[in-house]
Amino acid sequence: MATVKLVDENTTDPRVKAVFDDIKTTRNVTRVNDFWRALATNPDHLESVWRHLKSVMRPGKLDLLTKEMIAIAVSATNGCAYCVNSHIAAAQKLGMDTQMLGELLAVVGLFNMTNKIVEGYQLQPDVLPHVES
Amino acid sequence: MATVKLVDENTTDPRVKAVFDDIKTTRNVTRVNDFWRALATNPDHLESVWRHLKSVMRPGKLDLLTKEMIAIAVSATNGCAYCVNSHIAAAQKLGMDTQMLGELLAVVGLFNMTNKIVEGYQLQPDVLPHVES
Amino acid sequence: MATVKLVDENTTDPRVKAVFDDIKTTRNVTRVNDFWRALATNPDHLESVWRHLKSVMRPGKLDLLTKEMIAIAVSATNGCAYCVNSHIAAAQKLGMDTQMLGELLAVVGLFNMTNKIVEGYQLQPDVLPHVES
Amino acid sequence: MATVKLVDENTTDPRVKAVFDDIKTTRNVTRVNDFWRALATNPDHLESVWRHLKSVMRPGKLDLLTKEMIAIAVSATNGCAYCVNSHIAAAQKLGMDTQMLGELLAVVGLFNMTNKIVEGYQLQPDVLPHVES
Amino acid sequence: MATVKLVDENTTDPRVKAVFDDIKTTRNVTRVNDFWRALATNPDHLESVWRHLKSVMRPGKLDLLTKEMIAIAVSATNGCAYCVNSHIAAAQKLGMDTQMLGELLAVVGLFNMTNKIVEGYQLQPDVLPHVES
Amino acid sequence: MATVKLVDENTTDPRVKAVFDDIKTTRNVTRVNDFWRALATNPDHLESVWRHLKSVMRPGKLDLLTKEMIAIAVSATNGCAYCVNSHIAAAQKLGMDTQMLGELLAVVGLFNMTNKIVEGYQLQPDVLPHVES
């Protein structure tokens, strides 16, 4: 059970309604996820998170499917059930199939393993990124 | 300082040398990273991790650059300095530039934020992935 | 389902009963949470955790509400459902309303985001705390 | 070493300069932290993160010192050195002394402990927050 | 609900069947856990993870019970419910009783606490492991 | 650099001195680690953490070496450098050699991997611990 009462999707609060409408239009969906309905208990936060997410989640040099797969990698590493589910659903709408998910989770698992082995052996960086001058 | 003495790159231990040679050949490099030199203190582990990594890190439905960017996402989420550095260097060799890294880290940051907001509001999955029957 | 059988609230084990009674008295409650009933399977641990918690969770320079909000921040960052729920309930008893929870989770989310961006850019401390000499 | 070349504080890029100037004005400081100089490699991200941070980090029902102490709790839980240092410095400017830091870290440590004990015993929520109807 | 359709235990896919049979034989069990049935959606991954797990989870200088208790420590620290449950069950089969689990979780809790206090105080290593020369 | 001034090992503060003396006696060492010198800035916390640690870190059904290896597993999973170093040093004093460390980190790596794969596939517990009735 959520720790707050979710704001009704048909709220008449003008600030919340404006964000909900923008979510529906931008994503071409008819309902607003619980994440946004929880955030709407704090309209300042709702507006600011939505604005930031819109800014980050548009196609750039990385396409949207790649961005959603990165979201899955982060969410699986953090163990957030709601987040894993919603980002897999979003990636599937953009074309991710079971084989791609399998490869993605294989990479996520592998590097969670090597990350922790590195911490146990306390290795210091020996390969440095190329920093453009 | 590493918590074990790294195995010399020119070791004559046949099992370790075989893996080191395979790493150099597979990656077309002339030296072996400290990660492998630390693992080599336990040759069984060295062989098994390398075999698993080779299996996962080959091109499939996801290309290698995408896989390295997922490795960066995992390593940044875990805060592993050695890992962040080496995977950024690897991704750069495969074509990732500063703009792409910026977009990648924007996505990593965003979803680490939303993951934790979701935990605070204790949201239950409301969008389920499509599971092929 | 818990991984151990919770100890009965009305246990006659004298060491466990003494802690349970102290919990009820200290917190002015009539029942003992499952956390303590699980710990009671190991009375040494029960006594020691309760003693430590009592020592930390008393008003000092930080008031109890602030301490409970910090507990929520930690629990949301760790994604512990039981903990998020119980610490939000405790903070509510001390006066936290939905607006305060919203602000708290906004801060929790924000800095989980910036923490991970910092790891991705591998920034070294450039602002050091003032250390009293 | 950072994984990107930090943008010069005296950059003439108008979008970056506008944000840097706003940071200096808002915080009444003469230099811009490395965090913002790293973000500035991606001006869209710089603008959006700064806008979001400004929105969240203003006094509300929680005062700024409380918000900075929550930032310390999150950063210590995540083990981010840059973040711990900068948020402790910020909290000190707002009045946090060594005693308060000690109490804060005592609470952070305590609930990281109980969070993990709860996960080991797999406890299900038994105290639910009050959700306003 | 799992994010993929689990592969049937009686699958006729020869690669998957070979791994499933080896799991049953190696562990002397009659059914295959959901973990392996999920991995089987990607047979390459299934084979490689099983091979790696078999290599690591055999008695060496550490016995199997110690290895399973370490698995519990990792899983509780990560907060993975499926993993905590299955590793506790495995350790119980190897002789772990409630008292041992209690001691194990006491240690897990304690060092999750001290780890985070250390991060808050930003302590640098002052006791270095002995590295064999 | 630590975020507080470490308390001098030769402090004359009676409460702190009593704990420092007890640490030296209990562990048969001549100096006090920085962890305790940082905690000593808050004597209540110092006393309570030391008392709790002494309670947990005594031989029980699990021996001290096993407990220190669990401490390494937790510290590597959390990526705490100070902690990894000090617990490896402690385990070495109790008899852990490089081979045992290698096996330990192999287990730590393996289950960090499987933990995150499980989260990605969102598996629900299918093997439940035996709970004594």
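Chains here go by letter, A, B, C, D, E and F, matching the order in which they are written, and residues are numbered from 1 within each.
Criterion: a residue touches a chain if its C-beta (ideal position, glycine included) is under 8 Å from a C-beta of that chain, and two chains touch if they have at least 3 such contacts.
In this text the structure is predicted, and so the values were computed from the model without any measurement.
Listed here as common contacts of subunit B and subunit D: A, C, E, F.
The pair A-F is the one among A-F, B-D or E-F whose contacts match those of B-C for more than half of the residue pairs. With every chain reduced to the mean of its CA atoms, the largest distance from subunit A is reached by F. Using mean Cα coordinates as chain centres, the one most removed from subunit C is B.
Matching CA atoms, the turn from subunit D to subunit F amounts to 120°, rounded to the nearest 5. Across the two candidate interfaces, C-E and C-F, the one carrying more C-beta contacts is C-F. Averaging Cα coordinates per chain places subunit D and subunit E 34 Å apart. The distance from the centre of subunit A to the centre of subunit D, with each centre set as the mean of the Cα atoms, comes to 20 Å.
Subunit B and subunit F have Cα centroids lying 27 Å from one another. Within subunit C, contacts with two or more other chains are made by residues 1-4, 39, 44-45, 48-49, 52, 56, 75, 77-81, 84-85, 88, 98-99, 101, 103-106, 108-110, 112-117, 119-122, 128-129, 132. The touch graph of the protein chains shown is complete. Put simply, subunit D touches subunit B in their complex at residues 3-4, 41-42, 44-45, 48-49, 78-80. On the side of subunit D, the complex with subunit A involves touching residues 1-5, 44-45, 47-49, 51-52, 55-56, 128-129, 131-133.
Every residue of subunit B that touches subunit D in the complex is listed here, in rising order: 79, 84-85, 88, 98-99, 101-103, 105-106, 109. On the side of subunit E, the complex with subunit F involves touching residues 1-4, 33-35, 38-39, 49, 52-53, 56-57, 60-62, 66-67, 69-71, 73-75, 77-78, 80-83, 85-90, 92, 97-100, 103-104, 106-108, 110-130, 132.
Residue ranges of subunit E in contact with subunit D, taken from their complex: 72, 75-79, 81, 84-85, 101, 104-106, 108-110, 112-117, 119-122.
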